[in-house]
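My questions all concern the structure below.
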């Protein structure tokens, strides 16, 4: 649980005050923040870094799509310059800075604002970390904001550079779709990794159930909860985008959004299936563990019983009566020992018949 | 869990790039892909294999319904030819190739695109495998795409060949219904097979509960989850088809669709009933198993107690006091043995009365 | 589970082919099928059996309500004659023959088609069997189809014969209501029988919990599931009827339908209450059973402990030391026995104080 | 469960036949049924008993609100006179007589008909009994029907007599609200009583868990289920009343209805909270009980182990070897005893360290 | 459970009678009630205490926003003066006095009335106490009512005094938002405190599970239930406010309300996550505790078994046969002791191999 952090309030004051006074983010020195711009149409493509000044003065070249990506530790001054240039609402700025938002869509007259999350799964600790990715989609530009360079947008940049016709001929709406799609791709990668871990866990469980397995089941369950919390609102977001009441998406791009929506539905269902599996594993673990201890206690009890008649016989022949059978017989001792063994063997047979010794019921 | 595979991303790249560049499917050599065509109206019927070239040049004979079925390992070139000929959207092609889609309906101006799943139940391993079946329904033609020849469409072909009036006089919409209906037929066959396995399992459970039963319960549960995941979206698809906002279905066919919808509702309810039964079996298993071990441990404890007084008596007469009763009595030893037996029998009576030895409570 | 049968597909082929070819029902020889007709208005009432020929030629007497009831093993030829005469859709015929339908309402231009179920509860086996009752409500006639003569419509026939004004002055819509109401009456009878069985079960459980009780709880639960599956769709059907968009019901009859709807709501709630009770019984059973075994094992353990000090003392005085206290004392033996008894009594006191022997906690 | 009775069908025949023939209620002699009338406006108030004849001839004094309350064992003839006088639908009469209705609202052109329930909680048996209260609200009059005189309407009568302005100046709609409000008041009284019992139960459970507690938890749960079944439909009724499509409520009264609706919402939430608490108590009970038995068995086992080494030592010195250490030593016996004690004490120390003797884990 | 109090009925009589007669609140002497007023626009700001008389005569200065805050123990006379001055409905007054309301929104023509709750979390007892905060939002004024001075509004007062432009230029709607936002801030603080306690609990549980942990889990669960009961209706309230059908909120303030709504959604999801975690902890606790006792009992049984063969051997050599091996051997005794030790060691090895002694499975 230590991994989760409700750092929600980190930038709250800023949010309400953005328009008037900038409160420095706690201990934030942000030297590595960078702004990267790609301008393209089906004819040409231009890619460059932007400085604070350049962003303020920047004019979009006509008939081009402009994609401006901000990443690295957030630099308030830089961010505000971007916000001023593209006339973003103070609340949008607040949401970008507050990196624990749930996915959502805000509709403003001149742009759509989207919050999404990117997940990194660590198979070692069976936990996910996540990063917030914010997008603002205007009529001619797309802004994206990442906490750190993640490489998750690289396939899209590659397609732009390679001059793929569909993306180069389309507007920023298709670019937005392509980025969301590459994000969804990452979700499925995480899902597959979890699925493999769950399978490994199942095998381990069936062969050598251990308390660690219990903890791992809990960890995987926790991961599925986190993913679900990110994907369900994303599904709603896509649903709103598809309705397209705001008109930011062209008719050509809408089928692609619908396809992406299908992916989120598929994703949530696969997630539910993994959750069902994990619940099943939990049941198996509980049953097999308690069953094993029960069987062991029974086995121990059975062994204890084998000694009882023998101990009784020894006691009987240890009694001090003047006249007792066999005592004077030179073979008497061995007859007694034989009797002890005979009874033990007979009991073993009975127990074996009742399957109290067999391992057949060991889960 | 090893059976499930999230091969979702197999053809993703293709999906986005179809219009421009074909990326070869991983290791796919597809010599066995075949295209089969049936053209019919109430007068005549023509059935033939088509080659890549023929499909490209093919013109529908006027006033006929054309049913083109593609099956076998998918041949990208062939598929693209079909897609080009019938003007299918790149995303449709992508969905056909990605064989892990959930059932859905996409509405395009000139055709409806349906994804469905066909299930094969293996009673041996109590697991299902499934195959994707895609359909595109135009105004005058129906395209169907199968992963491999399954024989599930054979009854419909038979009805066409035999010249059944209703199907031969109707358009491709009724053909589409008839194929969906034959698919649903298969679902009920799977359901009955599961039901029989569940009954066998119940009998086994009540007579000889074993850990294998637990695994089998889990397997059947898993199968019901998979079926549910396929049927629920199919139900939604049929619901959309019935609303018929797109007008692809004639008024004559709609009641048949409604009937099919009833079948899916019936199917999901029967599925829920099986799930309830499986949950009940789980409870019975847990109870009977833990109850049985408990009773065995009690039985062992009871037996142990029978020895205690005897062992004590032996100890007492083994003490070394100078004066002890019975020691010098020639029958003393036998009196002691009698006392041991007497107490054991008395205890047995008490236990028998309290039903601690009766098997009445053995579940 | 053996009671449930997914005989869904029994008549499927027939369903699709009705208009063209009749496929004989598996092994169905149907000599006992009968058609019975009652024609009435507020003036007169006529009741008679109909033959196949009569049903074909039959004309409704003007200004009368005609109720035609078909029951007994279904005779395909007869049924088709009825269907032809009243212009029933082939799918309706299919539904009537397929006796595992869930309750539903199909709206056709000239008639409403209703499917309902009638239940028979067998208190001996704590199971229900059920029968399908189909109804077609036209503007001037009502058709009813039963699997076998059930007597459930007798009270309505009685009211007709006795000339009750309300029913004799009303149209077939009120007759349809009256039949549905008599059906609902039967549902409540079943509910009361189940309720009594649940109470008996509860009493048995609190006094003598046995594994049979567990099975009976499961049986009753299963029955409630079956009833719920029949009543929930019936509730929807009534809800549609009340909306009366089709105009088959007169304003006078609608309040009666609403009253009937209230009954179904009441029924489902009572059903839920019984299910809650059954879940509670399950909990009590599990707790009391495991608690009882636990207490027994503890009691046995306590008794075992009473012997330990005595056995130790016997062992001590059985040691072979040259000098040991009391050995030569003529009363030594009795002192030792007294010590054994004394310790056992002291332990009994301690256990009694800790309530380890009291039966107070025996559930 | 014996308390619940599905006496639903008691008056069914009557319901359908009311207009024509009166079937006597089973064994109902109803001498004590009384009709009481209060007529008031802001000027004067008149209160009197009515006979059968008076109710038939009765005319409402102009510009007054008339409240007619029927209570005591129901007298069919009297009730029918009332029904005739106020033109109540036969189904309304049927509902009034059938005292197991769930709360509901029926809208008739000239009056609203409401069913509600009044609860009596018996803290002794932790059970509720309930009574049906029916109301018919006309434009100028309000009819109320109770099973027996309950005193729950007394506060409202008091306000009328004292001449409280709001109620005396308002119409029968406000009177109806006031009666419903006084009913809701009773619900909260029941809730508080349950809550106190739940608290007492919790205290008892944490200190002296006993099987009676389990039964009491079940009883309280059962009561909450009964209350919920009455309040949820009442909530729906109020929701319909607030929409006021029928216009029986004045604009002045509507905010009061909304306030009452708030109370029902609050009530259901408090009920859910009590249910959560009861579930929690169940968990605590199960855990503490099984935990306690487990700890006792462990304690007994620990004590048993203390005897084992001593018994072995006694056995060893009881062996009959010719040469054994200490046998001839006059202190030998005491050394042996000392060894027994020493080992027992050492084991006690180990167990005490491992907290196997501490009561710290006793829940 | 003793903390919760259904004091619902405390002021009921007052509620219905407010307009006519004031019934004194039980034992309420309210000397410390104070009314504080802040009047502001973007030019100036005036802050002062008001007396009963001043509130009656008070006129809002034109073109200013008036915020009137009532806190401390409620003084009925004072409150009525406020209600009269601002024309509040008697039911509003009733709700303000009844401090156990659930959050809600009532829409009156001239003002909106909001109920909200403020929570105080006590980490010591893991419980929350709460206070009701009522607000009435008019076109030019905002009234707030607190049970006692809580300081939760201080940040907003500070922003007003500091002359922050956004709040000083906006109307009472923005002020209302700002206060709700500061309330929400407190909710997140409580959430973080609970989260930290849950983490501490988890650590304790994994290392030293104790029955106290169980109680603490229950306490935290109870707190989350209380928070959920307050936040869910608050979410609905905000949802209604956003729809703004009443027009009390300006277009500038609406995005801020939407942001606040996002916060409540985020809050409820985080709450659900904590609940999931608590359920997981419960599972771990149950498993680890029962597992631990099981393992201890097994360990004790294992130790008991080590003594059995030794005790049997001692018994055997204590038998009184005339001829027994080793008895006359001077080393006989030591051979016997060696045999005892040898068998014990051999058994230890077997147990160690089977991991019956290892602590690996200790959860």
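Order as written gives the chain letters A, B, C, D and E; numbering starts at 1 within each chain.
In the analysis below, a residue touches a chain if its C-beta (ideal position, glycine included) is under 8 Å from a C-beta of that chain, and two chains touch if they have at least 3 such contacts.
Composition by chain, UniProt nomenclature: A, B, C, D, E = Magnesium transport protein CorA.
This one's a predicted model, so the numbers in the text were calculated from it and none came from an experiment.
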Third chains touching both chain D and chain C: none
Type of chain D:chain E copy interface by residue overlap (half), same or different: different
Geometric centre distance via CA averages, chain E-chain A, whole Å: 27
Rounded Å distance between chain C and chain E, as computed from the means of their C-alpha atoms: 44
Interface hub residues of chain C, defined as touching at least two other chains: 290, 297, 301, 304, 311, 315, 318-320, 324
Overall pattern in which the protein chains touch one another (line/ring/star/complete/other): ring
In the complex, chain E residues that touch chain D: 1-2, 4, 6, 8-9, 12, 15-17, 19-20, 89, 91, 94-95, 100-102, 104, 106, 210-211, 214, 218, 221-222, 225, 229, 282, 286, 289-290, 293, 296-297, 300-301, 303-304, 307, 310-311, 314-315, 317-320, 324, 326-330, 332-333, 336-337
Interfacial residue positions of chain B with respect to chain C in the complex: 159, 164-166, 178, 181, 185, 188-189, 191-192, 195, 198-199, 202, 255-256, 258-259, 262-263, 265-266, 269-270, 273, 276-277, 280, 283-284, 287-288, 290-291, 294-295, 297-298, 301-302, 304-305, 308-309, 311-312, 315-316, 318-325, 356, 360-363
